[in-house]
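Shared between the two complexes below is subunit A, which has subunit B as its partner in the first and subunit C in the second.
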Partner chain A sequence: MADGRIALTAHLLRRAGFGATREELEEAAARDYEAVVEDLLHPERFPEVDEDVMGRYFGWDITTLGAAPWLYRMANTRRPLQEKMALFWHHVFATAYSKSEHPVTLNRQIDTFRRVGMSDLPTILLELSRDPAMIFWLDNNENHRGEPNENYGRELLELFSMGVGNYTEQDLKMAARAFTGWTFTQPIPLYPHGHYQSSFVYDPEAHDDSEKSFLGETGRLTGEDIIDIIARQPATPRFIARHLYNFFVADEPQVPAWSVEPPRDPDAIDAMTAAYFESGFEMRSVLRVLFNSDSFKNARHRKVKSPAELVTGILKLVGTHRFPQPGFEAYAEATKMMGQELLNPPTVEGWHTGKEWIDGGTLNERVNFAVNEVAPDKPGVQSFIAGLTSGKTSLPPDEMVERSLDLAGPVAVGKETRAGLTRFAETSGGLSFATEEESSLSTAKAARMLQLVVASREYQLA
Partner chain B sequence: MEGNGKPPVLVVLQLSGGNDFMNTVVPYTNPAYHDARPLVRVKEEEALAIDDTLAFHPSAAPLKDLYDRGTVAVVQGVGYPNSSRSHFRAMDIMHTCEPVALGTEGWVGRAIRELDPKKENVLTGVNLGRGLPRAMSVPGVPVTSVGNLDSYGLLTGISEERQREEALDTFKSMYSPAIGSGPVMEYLAQTGMDVLTGADQLKAAPATYESDVEYAGNAIAGSLRDVARVHTAGLGTRIFYVQHGGYDTHANEMPDHPVLLSDLSGAIMDFMQDLRDHDASDEVAILVFTEFGRRMRDNGTGTDHGSGGGAFVIGDRVAGGLYAEYPPLAPEQWLNGEDLRHTYDFRGLYSTVLEQWLSLEAAPIVNGQFEQIRPFVEAA
Partner chain C sequence: MPRPHGLLRAGFPYLKTIGMRRVTNTPVDVAIDGDEVVYVLGRAGEITKLSMEDDILGVIAGGGSDEGKFTWPVSIALDRDENLVVSDEALNRITTLTKDGEVVRTWGDPGSAEGQLDRPAGVAPDAEGHVYVADTMNHRIQKFTADGEYILGWGRHGSAEGELDMPWGLAVGDEGSVYAADWRNDRVQKFTPEGDFVFALGAGGSGEGQFRRPAGVTTDSDGDIYVADTGNNRVQQFSEERRYVDRFIGDATLSKSAREYMLSNAKPNRLREMAVLEPQKRLRNPRSVKLDAKGRMFIPDYMSFRVQVYQKEVIPLGPSGIIPPLRSPTLQVT
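What follows is the complex of A and B.
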């Protein structure tokens, strides 16, 4: 049972956060599951990451594109769900650096997701619609009375709230017109490198104040009205719940398929939808239902880790995340090579997740990264080795495999992986720390064993 | 297709975001074009004329040069009925040839299955770039996807050779295919084994390649250079896939679109030259496509999603010229009062390339019979 608790808690902390060190895991597993969930849902109970420390060591500030600092936050935050929700909304409201080349507004957007990510959906959509990075990304600054630009209106309905099939092209045009005049204070200066913050401004001159009909409601609808109407549609919580399910529980097909393919677990979607309406559209309540459901608890290893999850998980495993170190930018580069360049998703659809994280190129990067990070001199690897023997002077091959899989996750493996690891353990004859020579040999063998575990197929799963 | 005796090779080049075909191959003398595009257009005096009605965008000058050499087939009005305006749905449709239901098999993946039914070469289909396109994805069909050609290979961080061999042996057993372990685990196993096999062979590409062509520093030039490196290494690849992103020009089309066209056409020009220098151009054809064209009218600084795009088939064995019909431009002919009407089904274009270039039966790959064009030089 104790082992079952460890595995369940590890699952929760991997999904609702970015994994945990063994000490963090054992501490949380000793507590009531629902109490751990409540702590995750209430980030304000815990201190924020010390931004001064980040700034002092790395010169990271708001003008640096925040992929590396963000990974540092993910690995170190004591508010893991707040950070995970910021990543969730970044997946859904995918905004890329490639167009604006303006780090200030993008960093600010992620801060906004951190701030309102678990609040009610109308607030989140309103903040999104007023977010300068989003306005520029989807051209709402070009959306004027008489010359509507449909980009934001379209994606607000198709990708950010309801999904295809729940509105008409006419509704979409009306939504676009309702957001005319929603722009930012000054054009973002690309060159010279002007790090000006930009803020939302409403330009009544550019706003189309005429009568519009949207999803059956008619009037001189504004952007606020559109968000209000969207939030009340049954399609909206179902769409968002499916996103949550795909991000936190188990891989779904890609978003374009959702209008055709039913959800994997319709009951889970129903339960989240009910919580949404009962709570007055609040994400925190939806997440509470999600994490406490059996559907979630039983979904272990049913998701492919995103590159950000893989990298932060490895950092926690090898224990180098705590020390701000030069070269942290390399971790941002690593997720990029694995197909996830944070703050620069390929399109407004965001990243294709699940199985689509994996192809020959990205699997190659994932395996090599994980193996290279697991070096015997790293603190997490040393405590892994100490934990393997827990004071004993030797460990037979089968126990070496069992203990390694437990301490690395726990990772549940299939018979091929177990066979491969067992053969390695048997060839190397288990571990012995009786003499100094054997000790140094066994340290290398144990580290190699951990490398093989993180190179496995099962380790690719969250 | 008979050529220089080498098996024909197809390079699929995807323009992601919906290329503005009307501002690429421009109806520069048509008043309807200038009326609809007061702010986002190519001026008549700047256009690179093909004939009295059509011209290339001035930033696509290298493409115009290739056209003048007779090696570019411009395929006009490419689309399908009830064109989707969603990028993602539209791209899915272009990848799976399934405009109504949801397709699960990509057309390029199906072609690879036919080209290499016994799965003898994991390099038969190679994607160069990040992210495997849906077009190449068919369960059980091995394809190789390479993010970085120069660092491809597993466990390369283990420097001691015997230890690396030992670790690779363990990797092989951990990734050996297991029946009934579920589609994700099976896919991971297949991908892992394909990387092992592919990486061994791909080492030859950077090692043997030499060239006098200096490609530009942009992404599409890098991707096409990688195609040249792998192709000239003679590893048996029959279909390459590369992508060029950024074509979603809702805003700032006037400054942004020319850069895209210039990068693209320059890269194609250099690639073709590189192939010729290696006596390897006769067996290669490039298919350039996009998910849709853009709206007839501009929106002030850009153009919104539309339909009726266009494609190119490029190569030394291509019979250059104009194919299919340019969509009608008179406002009363616009689809839904605002879009270019498609004149040619994209599945006909795929069928053309599949049957006439790769000698494959197209109907099962594109899900039906579609009218073909004749863009290749007939064998002597």
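What follows is the complex of A and C.
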């Protein structure tokens, strides 16, 4: 199989999912690229994560806020794009535990993203507007006729759909009024018997049913009307497409700068915008254009991995936690230490991504985490070592470097990293499995080589 | 003990709730001794001793992997010496504790060979002092001496009669039969003490007599079979002949500890006044069911951090109190 196919497929599975084992990668690379994309776009073709097993072993644990089970899903799902889109919408519609301390509604919100994340945008925005976790996060439960609270209306336009500069302050006020009365049922409180769900409820008494003008349309507009109007605006797909580009293709500036800095790839944004309107606002169609575009295919290693991507990718590489085991909370803790506490983003803007994931502290966390996970007794590391030699009894230093970089990703490295890896390979004298003693020594050397690869600067890039 | 000729099933009313969040967190199983002490096993490893009046009598064990601690405990039962036998599916270990938490013995080796364990779940001591263990990931049931010496085992992965798919709860009937909650096959199977298949009960679904991932099973002196139908959030009751009798979906009231807590917390009291309270009565993921000698049924209500208790009311009948079994149903009542 051509190396290019492997590298391209690995790129797709890293971006549209959470990486792949070498076996999964080779199987996917043997198929047409477009067919692999279609499978990603149609999660219903594959079974869901075994929720019965998750429930049996992980149970329901408030201390993890659902972040650990979610990471487990990311690492084990056979519907990777569905899960990746749930993470994407969590980045965009960032809702945090810190305010509500109500994990069951937050988990429900992620379930909603999982369920409708690739459907049409009006459906997604409608579900979002009816989501109790979001309603509480942006105070729409306090949005009453005559006493509007504009938080949700503001963020719906500014951060969730159109972006600054595409509407007026008056539009914003009208949007807020249209969502008056959109609230949720009071859940039974935590004590003495645990959390209970809440659900959306429309309170007609609190709704402002008067005439409103919004983006040039006038009438007794409701929240549904506002969403329909938003979905038809040219600014909307351009804004969502830029989010998608930033999440899936290459790092963009942070969102507040988008009103002044143009997108780095306007053609990609145009193509996604066209697909949006042609398909009737459908995200699946937009994603199809995205993943099949040259701009995507050529964007390898141009994004900094998010902590969730790094952690799940390493888990795939080392081949552990394919079934629930105690201690998985440590992986949620690891992403938190790297700056991404799932279900608890820092603000409504979500996480600042790209190079902002990296500082002295978080880089240390990333490298230490990756290196510590690579241990010779782990199944994925053993497969890596077996794959290095492919049945041969020895491997010279230069091949040791090439094969390691290939099997760990493939990872494309610069001169400096390659020189460091080569130095190690030459100093260690390559690998030999001719005798038991040599075999033991070479196993340790191969694992060390893999540790050096995952500790590299380039491994931090998706 | 011989069964009565028949039963007048007078009722099975809800009796009370004991425990609450922070007192009995994520309860996975219970055991009740002759002094009416209820041992509530929490998933985090602690065993809380409660009186029937909901007083805390002590907490033993706890989370961890040291001897006497638990990482992922599943099942608790009293053996004939009135010690507590506890399984831990993370440590592949069976621990026997005194009621005060002193370790009597521990045993269990991970693996799939005879006598080894891979995620042990249900434990059920018999009257001779042996212990049956549901060896979940080996899809079998094994019988050991109290010290952990292997005696016999049966079962393999599958869904045919006698085969198992990730078995969970276990019970030994008063005549020595073994009942297994065949979790992933959505059924309960009954075996002889030697492991011969007797019958299967139930199928996947949410109707009467159907199960959604049943976790717990027990029997009582009337021969009735009780199944913690975890995924359907209920317990179902069957007669010894597998006839569906009743179901329990939860009727909880606030326990004594819960009332005391709420009386000093003004905000949640207001929130409860704004909420629909009906769901709070219901069972959420009950993972086990046990009956004591007085016919009280204890259901660890896993997601609601409490134990719901019901009282079985039956009157034994002699031959003059109930006519012989009929071959067919009838509309004629006299």
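The definition used in the following text is that the second predicted complex is superposed on the first by the 448 of 462 C-alpha atoms of A that agree within 3 Å, B and C clash if a C-alpha of one lies under 4 Å from a C-alpha of the other, contacts with A are read in each partner's own complex, and residues count from 1 in each chain.
Going forward, a contact is a pair of C-beta atoms (placed from the backbone, for glycine too) under 8 Å apart; a residue touches a chain by one contact, two chains touch by 3 or more.
What you are looking at is a predicted structure, and each value in this text was computed from that prediction instead of being measured.
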| item | value |
| --- | --- |
| Residue contacts on subunit A - larger count, subunit B or subunit C | B |
| Which of subunit B and subunit C A:325 touches, first, second, both or neither | second |
| Subunit B versus subunit C as contact partner of A:440, first or second or both or neither | neither |
| Which superposed partner A:298 touches (first subunit B, second subunit C, both, neither) | neither |
| Partner chain(s) touched by A:393 [first = subunit B, second = subunit C, both, neither] | neither |
| Which of subunit B and subunit C A:218 touches, first, second, both or neither | neither |
| Set of subunit A residues, in rising order, touched by both subunit B and subunit C | none |
| Subunit A contact footprint on subunit B (complex, rising order) | 16-17, 85-89, 92, 101-102, 127, 130-132, 143-148, 152-158, 163, 166-167, 170-176, 178, 181, 183-185, 187-189, 191-192, 194-195, 198-199, 245-246, 248, 250-251, 299-302, 304-305 |
| List of subunit A residues in touch with subunit B within their complex | 98, 138-139, 141-142, 144, 147-151, 154, 158, 164, 169, 251, 254-257, 260-261, 304, 337, 339, 346-349, 352, 354-356, 358-365, 367-368, 371-372, 414-417, 419-421, 423-424, 427, 448, 451-452, 455-457, 460-461 |
| Subunit C-facing residues of subunit A, complex | 52, 55-57, 59-61, 185-194, 196, 325-326 |
| Subunit C residues within the subunit A interface of the complex | 20-22, 26, 43, 71-72, 89-90, 168, 183-184, 213, 215, 231, 252, 254-255, 257-258, 261-262, 265, 267-268, 271-272, 274-277, 279-280, 284-285, 302-306 |
